[in-house]
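We just call them A, B, C and D in the order they show up, numbering each chain from 1.
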Amino acid sequence: MDKIKQNPIVKKLGFNRIVLVFVILLMYTLFCVATGGNFAGLPRILSALNYAYFLGFLSLGVTFVIATGGIDFSIGPVMFCAALISGYSLTSLGVPMGLALLISVFVGFCFGLFNGYLVAYWSVPPFIVSMASMNIAKGVASVFTKTQSVSWPQLAAGGWFRQLVKIGNFPVGLVIFVLVAIVCALLLNKTKPGRYILCLGSNREAVRLSGVNTKKWEMLAYVICGVLVGIAAIFFVGAYTTVQPGYGDQYNNEAIAGCVMGGTSMAGGLASISGTVIGVFIIALLQEGILALGFTKDYQLIITGIIVIVAVYADVVARRRKN
Amino acid sequence: MRKKVLATLMTAAMAATLFAGCGDSAGTDTASAGGDTATATEGGSTEAAAGDYKFEIIVKSYQSSYWQAAVKGIEQEAEAKGVTVNCTGPNAESDIADQVNMLNNAINNAPNGIGLAACDQDACLDALQAALDAGIPVVCFDSGIPNAPAGSVVSTVATDNYSAGATAAENLYPALKDKIGNGQVRVGEVNQEATSESIINRGLGFIDKFAELAKADGYTVAVIGNEKYVNDSKAETVAEADADIVIEVAVPAQTTVELCATEASAIMNKSDTIGMFGSNQIAAEGILTANENLGVLGDKILAAGFDAGSVIKSAVSSGTMYGAVTQSPLVMGITTVDVLCDAASGKSVSDVPTDGYWYNADNMEDPEIAPNLYD
Amino acid sequence: MGEVILTMNDIDKSFPGVHALDHVHFDVNRGEVHALMGENGAGKSTLMKVLTGIYTKDSGTIEFEGKEVEFHNAREAQDAGVVIVHQELNMVGHLTVAQNIFIGREFKKGFRIDDKKMNEEAAKLFKRLNIDIDPTATMSDLTVGKQQMCEIAKAISHEAKVIVFDEPSAALTESEIAELFKIIRDLREQQLGIVYISHRMDEIKVITDRVTVMRDGGYVGTLITKDCTKDDIINMMVGRVIYEEPKTKSLVPDDAPVVLKVEHLNAGKMVRDVSFELRKGEILGFSGLMGAGRTETARAIFGADPKESGDIYINGKKVEINSPEDAVKNGIGYLSEDRKRFGIVVQKTIAENSTLATLEKYMKGIFINKKKENEVTQKYVDSLATKTPSIDQLVVNLSGGNQQKVVIAKWLVRDSEILIFDEPTRGIDVGAKNEIYKLMNRLAAEGKSIIMISSEMTEILRMSDRIIVMCEGKVTGEIGIEEVSQEKIMNMATREIS
Amino acid sequence: MAGDLKKKSIFAKLGGQKFIVLLVVIVLFTFFSIASQDFRKYTTVLNIFDFSYYIVLMAIGVTFPLITGGVDLSIGTGLICYSLAGGYLVVHLGWPTGLGLLVSVLFGILIGFANGVLIAVMGLPPFLATLCTCMITRGLGSICSKGFGISWPTTGAPGSWFRSIFKMQIGGTKIPIGFIWILIIVAIMAFVLNHTKIGRYTIAIGSNKEAAVLSGINVKFYHIMAYVISGFFAGLASIAYAAVFPTVQPGTGAGFELEAIGGAIIGGVSATGGAGSIEGTLIGVFVICLLKTGLPFVGLQANWQQIITGLVLIAAVLVDIIKKRREAK
C-alpha cells in the first residue's frame, strides 16, 4: 500500500482522489448491474449532471468556508433566495435576462458579505450566523416574491440562460462547472487569498500575528462562497425551472457532504477542490442510482448521512495519528 | 493515511452492500414486485397485453391522507387490471427538484405510461418533452399542466379546482348570510402556499364566488392579505374601510400544519370574523388546530374545509366544521390507471374531470359521498 | 526520612520524532521533598505525566507502596493517592472555587450535589492552609496566583500519599511562596512523599531533601540537597552543552540610537503604565513571574491585543499600531511563547510559513511565484541551519527547535528590525537552545534589536544587555547586565504592589 | 480580597442576560397587546402556550449540548421522526397509545445516544455529526411511516388521552396545564444542571474539557449524557407536537431546531459553551414564540417573522460578544 502511495504519479494525483474516482466507477457499475443495464446511457448521466451542477457550485463555495475552519449552512436557502429574487425581477418586474443573472450572483454576494462580516469582524460563531441568515434568506425571498414560487422561462420563451446548462444534449454546464472548479483550484492553491484562507483555517492566530489582515481574508472566503451560491442558483433554475420560497435547507447537507467526502477537513486548513468535485459527482450519482433502483429519496438521505460520518471519522482518525 | 484510505474503501463497500441488500427487498412503495423488467426499450409496446403493462406513477407527496387514498385507488385498479405500477413521490410537496428527478428517472425506466401529479406546472416541462420524444404517454392527475408540450400529456384526470373552491363558497355563503350586513365582517382563507396551481385555483374560486354572491346581495367586498391572491382575484373589490365583507387571505411561510395554525388563529381571534375556508387538508387542519383553544367554530365562526381525512371528517360530523369539499382521490386513482391502460394500448383518450363534492354532517353517510371520505 | 513509597524504574517513552524519556529512574520516600530538575524539555513533566497515567509508558515499571501499578488515567492515580499539581492551570473557569476543588468527587445528598458542604469543606481547607480565598467566588475572577493556590489546595484535599508539584511557584509572589513552603513542610511532617519540580535553584536549596537531575529525557543522577552546591546541580543539568559565554557587560555601543520607545502603555489589568526604550543592536531581557504581564505587554505593542492608551515611537517617530498588520509594516516581528498556537501554521510547509508575512513580495501577477518563494526559503533554511529533508516538509514534522527557526525565518524574510522573542527556547531541546542563542547574538550584532521575554533566569542572565523586570502589570525595575544578580531580579519581580 | 468578589452588580444579581430577556418578553407582550385588541385574549395566551411546548422541550434538551460547546441539529427532524414512528405503531398497527409514546421517547434517546457516541467517542465535530443524524432521521421518519402523514387519535377518539396531558377542559374553560408541566420540568432540569453531577460536568466539559479530564471525570460518559438528554427531550417534544397538532407530516421538522437553539442562545446560553441556564432558555424561547404568534396580529405576513427571528438571534449573540469584549478590557 505504501509503495503505491510513494509512486510519483499517484502522489501527484493524490491517492485519495484516485480511490474516490474508483468509488465512482464502482458505483456506476453496480447501478448498471443492479438495474439490468438500464442505468447505462446518456439520459441518466444528463439527469445526474443536472443535480451535480447546482450542488457542485454550492459545494465549491462551502469548500472555501470550511477551509477557514468555519461552516455555512445557509447556502441552500440563500441559493433559493437568489433564484427567487432574480427570477421575480425577471418575470414580474421585467428585468432583462442578463441583468437577472447578475442579480442572482449579487444576492449571493450580499449574503456572503453579511455572513463573512459577522463571522470575521464580530466573531459570531459561524453556525449561529448560518442559522440567522438561513431565516433571513427565506424571509427576504418570500417578502420579495409575495410568497409565490417563481418559474424561470423555458428556452423557447426567451430563456436563453438554459443554454448555460445544455445545448441539445451537449452538457455545457459540465464545461462551465469544470472551468469554474479550475479557477477555484487556482484561487485556493496559487494565489494570495487562497494561501491566506488555508493558513488561517489551520491557525488563525499565527497568521494574524504574522501581520496578515485575517478578518479581511476570512470574510473573503464567505464572499466567494456567496458568489458561487449565486451561480448555483442559476444552474438550479436552469435544470429545475421553479423555486419556492421557504425552502432550500435540504441542499445544505448534501453540499457539505460532497465537500467533506472529497477530503476537505472540517477542522479547516486542508481543502481540495478536485476532491469536492469528485465528492459532488458521487452524491449526484448516488441520488440518480437510488431512484433508478426504485427507492425513495429517504434512503439517499440516510446513505449520504452515513457516508459523511465515515468520511469525517476517517479524517479525525488521520489527524489523531498525525498528532 | 492508510486508515483514511481504508475508510474510503469501507464507505464504498458499505454503499455497495446497502444497494445489494436493497436489491432483494421490494421497495416500500412498489405495489407489486418489480422483478420483471419491461422489455420495451423505446416507448410503450402497443401490442403488449394489459398484463404486461408497467406504469410509473409519481404523486406530489405522501404527506396527507388525500394521497394515501389516491395511491390506494391506483394500486387497487392495477391489481384488478393485472398491470404493474410503481408509485413514488417526493418527501414533501415543496421538493420540486426531487420530483423532476423522479420524473426523469421514470422516463428512463421506459414504462408504458406515466401518471403524474405535478408539484409545479413549469418545472416538469423539459421532462415532458423527453417523455414525448421517448413516446411515453403521460397522464396528469390531480393537477394539470397547462403549458405541456403538445401531445405529451394525453389526458388530465383532475377536479376543476376553481369550481371546487367555488362550491365551498356557494355552500358557506348562505349559512353566513344572516351575519352579514350589521357592520363589517371578516371571512378568512388559509392557503398552505401560493405556488401550486390546484391550491391557487381553489383559493381564487372561493374568493371570486363568495364576492359574486355577496355582490348579488348588494354587499361590497375587499380582499386583503397575501398579494398573490389579492392580485389574481377577479372579484370586484372596494377599499378595506368601505367594505361590508373583508376576505383575508393568509399563507404561511412553510407548508406545515403548525404555521397554518398560527396564521389561522390570528384571523380567527379577530372579533369580526364570521367564516373561514381552508383550501386543502393541511390548511383545514390548521384551522381546526387553532380552534382547539379558541373554541369559536360552529357557533361564532363557520368554517369550510377541503379534502377529508380522519381529523376533518370527525370535525364535520361533530359540527365543529360546517362542511368541506372532498374530491374523490380513490376514483381519481382508479381512473388514472384506466386511462393509462387505454393510452398504452393505443386507444385515444381525453381529459377526465373528476368531481368535487360538498359534504357536511347531514350527507356524510350518503352513498354518493361516503366512498370519497377517506381517512 | 521514611521508607520508599514510589519507585519508577527504567521508564521509556517515545513520541513521533522525540525520545522523550530514555530509561529514567526516579523514587520518592515518605516524608521527603524530592526535587526533579532539568532544563526545559529535559523530560520532567513527561515523566510525571507517565506516572499519573496521562501518558502511557512504552516500557519500565512503576511501584507504589510496594506493589507494581499502572494508572490508566488521572482518576485512577488520584484514587490510589498520587496527585499532581499541573504547571498549566487546569481550572473550570465557569465554576466556583469550591466546585473546582471538589470536581469529580462532589459531596452528595441523594442526587443533589451538596454545594453548602463543599463550600464549608473548602473554607476549612483554606483555613488549614492559611489561604484567603472565598470558596464561592467564580474561578475565572481570581488572579493567576490565587488560581494556582486553589490548584494546590485541590491536590492537598485528596487523600494523597504522593503529591507532585510541577513548577508551583512560577506564578506566586514572595509571600505566597512562603505560604506554599509552609504547606509543603506540613505535608512532609505528615509523612507524604512530595515531588517538587522547579527551575529556581534557591527554592531547591530551601525546601528539598534530595535532587534528581534529568537531561535530554535521560536520568543524570540524584544528590542529597544539603550535601551539594548549586554549581553541582547546574553542572549536571547543563552537562555537555557549552553555552554561549555569558555576557558580563552590554555589547551595545553607547551611541546606539533608540529604535523603539514605549510610553505609558496601558492594556487591561496586565499592562499598567509600561514605559521603556529599546536601542539598536540591543537584547533587552524581560523578566518576572508567570502572569506578570510581560507577554501581554509584548502583544499590546505588537497590536495583537487592543490597548487603551500609550504611545509607541519607532526611530523617534510616533506610530499608530492597532493590529499586527500595522506592527509588521513598522518592522516589528513577534515570536510567540506558544509556538504551536501563535507561531507556525503546523499543517503547512516550511516555504508557506516562511513567506507568510511577506507574501506580496513573492507574487507574479495574481499568482504566487513558487520559484522565488522556494529560493528565499532555501536561503534561510541554509543560513539558520534548519534541519529538514526539504522545504516542502510540513512544519508539524519538525522538532521544536527547527520550528522556532522557521518562525525566525519568517521575520527575517520580512526584514524586521525589531524582534520580540517571547520565551524563545520553551520546549526546545538543549542542543538546539544554544543554536537559538547564537542566532540571537548574531542578529543583535547585525543591528537588529531584540526584546527577549524569558522565565528562565539563566537565559536572562546570559543573553541580555539590559533587563526590565515586571510585576503585576507594572515595570518594577531596570538593571544593566553589569550589576545584575538573580536575587535582585527576584526582589523586583515579587515586589508587592499596594 | 475575598470580600471584593462578593460585590456583584445589581444587574448580575437579577440574573444578567436572563433579566434583560425577561424584560424583552414583557415589552413584546405589552406591545402586541396594545397594537392589537385581538391579541389581548385568553385564547391567544392559550395558543402561545400550545405552540411553545414542543419548542420549549427541545430547547431545554439542546441546552445541554450547547453548554458542552456543541450543538444538536438533529432534534427538529428527529422530533417528526419519533412522532411518526410512534404514531405509525398506534394508528396503523393498533398499539396502545401509551406504548406508542414510549417508543417515541425511546427512539429519541437512541438517536441522542448515537449522537453522543459519534461526538464524544469518535470525535466528530458536533454540528457535522448531528447534521448527519438530521438527514438520517429525516429519511427514517419517512420510511417508518411509509411516507404517509400520521394522524394520532383526535380529541375524543379512543386513545386520545395523551392530548389532555397538555390541555385540560374544566367546565367551559381550557386550562393550559402543559405550562405547569413545563415549569416543573424547568425546575427539575435547572436542578439537574446546577446541583447534580450530570449538570456540573456538562458545564465543566464546555468550560475546560482538559481540566475535566485531568480531574478524573469520565468525560466521555457525561459528554454522551448531554446528547442523550437532548434526544430524550426531543422525544418528549415529539409527544407535545403530536398532542397539539392533528397530523404529523414526514419531510418536515427542519427548522424546528433553529427555533429551539435560537431560544436557548437568546436566553443566555453561551454560543461557545460553558455557561447557560434552563430558566434563561425558557424565557428565550418565549421571545421567539411571542414573535411567531404576535407578528401576524400586527399585520405582518409570516415571512417577516423569519427575518425578525434571524435578526433577533444575531442581536442576542452580538450583545453577548460586546459584553465580553468590554469585560476583557
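Definition applied: a contact is a pair of C-beta atoms (placed from the backbone, for glycine too) under 8 Å apart; a residue touches a chain by one contact, two chains touch by 3 or more.
Since we're looking at a predicted model, the values are computed, not measured.
When each chain is reduced to the average of its Cα atoms, B sits farthest from subunit C. The centroid of the Cα atoms in subunit A and the matching centroid in subunit D are 30 Å apart. Put simply, the C-alpha centre of subunit C and that of subunit D have 44 angstrom between them. One finds 71 Å separating the Cα centroids of subunit B and subunit C. In subunit D, the positions touching at least two other chains are 138, 142-143, 147, 255, 301-303, 305-306. Within subunit B, residues 28-29, 89-91, 95, 226, 251, 253-254 each touch two or more of the remaining chains.
In subunit C, no residue reaches two or more other chains under the touch definition. Taken as a graph of touching chains, this assembly fits none of the simple shapes: it is neither a line, a ring, a star nor a complete graph.
Chain pairs recorded as touching, per the definition above, are A-B, A-C, A-D, B-D, C-D. The touching residues of subunit C, counted against subunit A in their complex, run 302, 304, 323-325, 327-329, 334, 336, 341-348, 352, 356-357, 359-360, 363, 366-368, 396, 410, 414. By the touch rule above, subunit B contacts subunit D in their complex via residues 28-29, 61-65, 67-68, 89-92, 95, 225-226, 250-254, 256-259, 261-263, 265-266, 269-271, 281-282, 285, 288-290, 292-295, 309-311, 314, 318. Taken in their complex, subunit D has these residues touching subunit B: 37-39, 41, 43-44, 46-47, 50-51, 138, 142-143, 146-149, 151, 154-157, 167, 174, 241, 244-247, 249-252, 255, 292-293, 296-297, 301-303, 305-306.
Every residue of subunit B that touches subunit A in the complex is listed here, in rising order: 1-12, 14-16, 18-20, 22-23, 27-30, 34, 37, 86, 88-91, 94-98, 100-102, 104-105, 107-110, 120-123, 125-126, 130, 193-195, 226-228, 251, 253-255. Partner subunit C is touched in their complex by these residues of subunit D: 1-3, 5-6, 191, 195-197, 200, 203-204, 206-208, 210-218, 274-275, 328-329.
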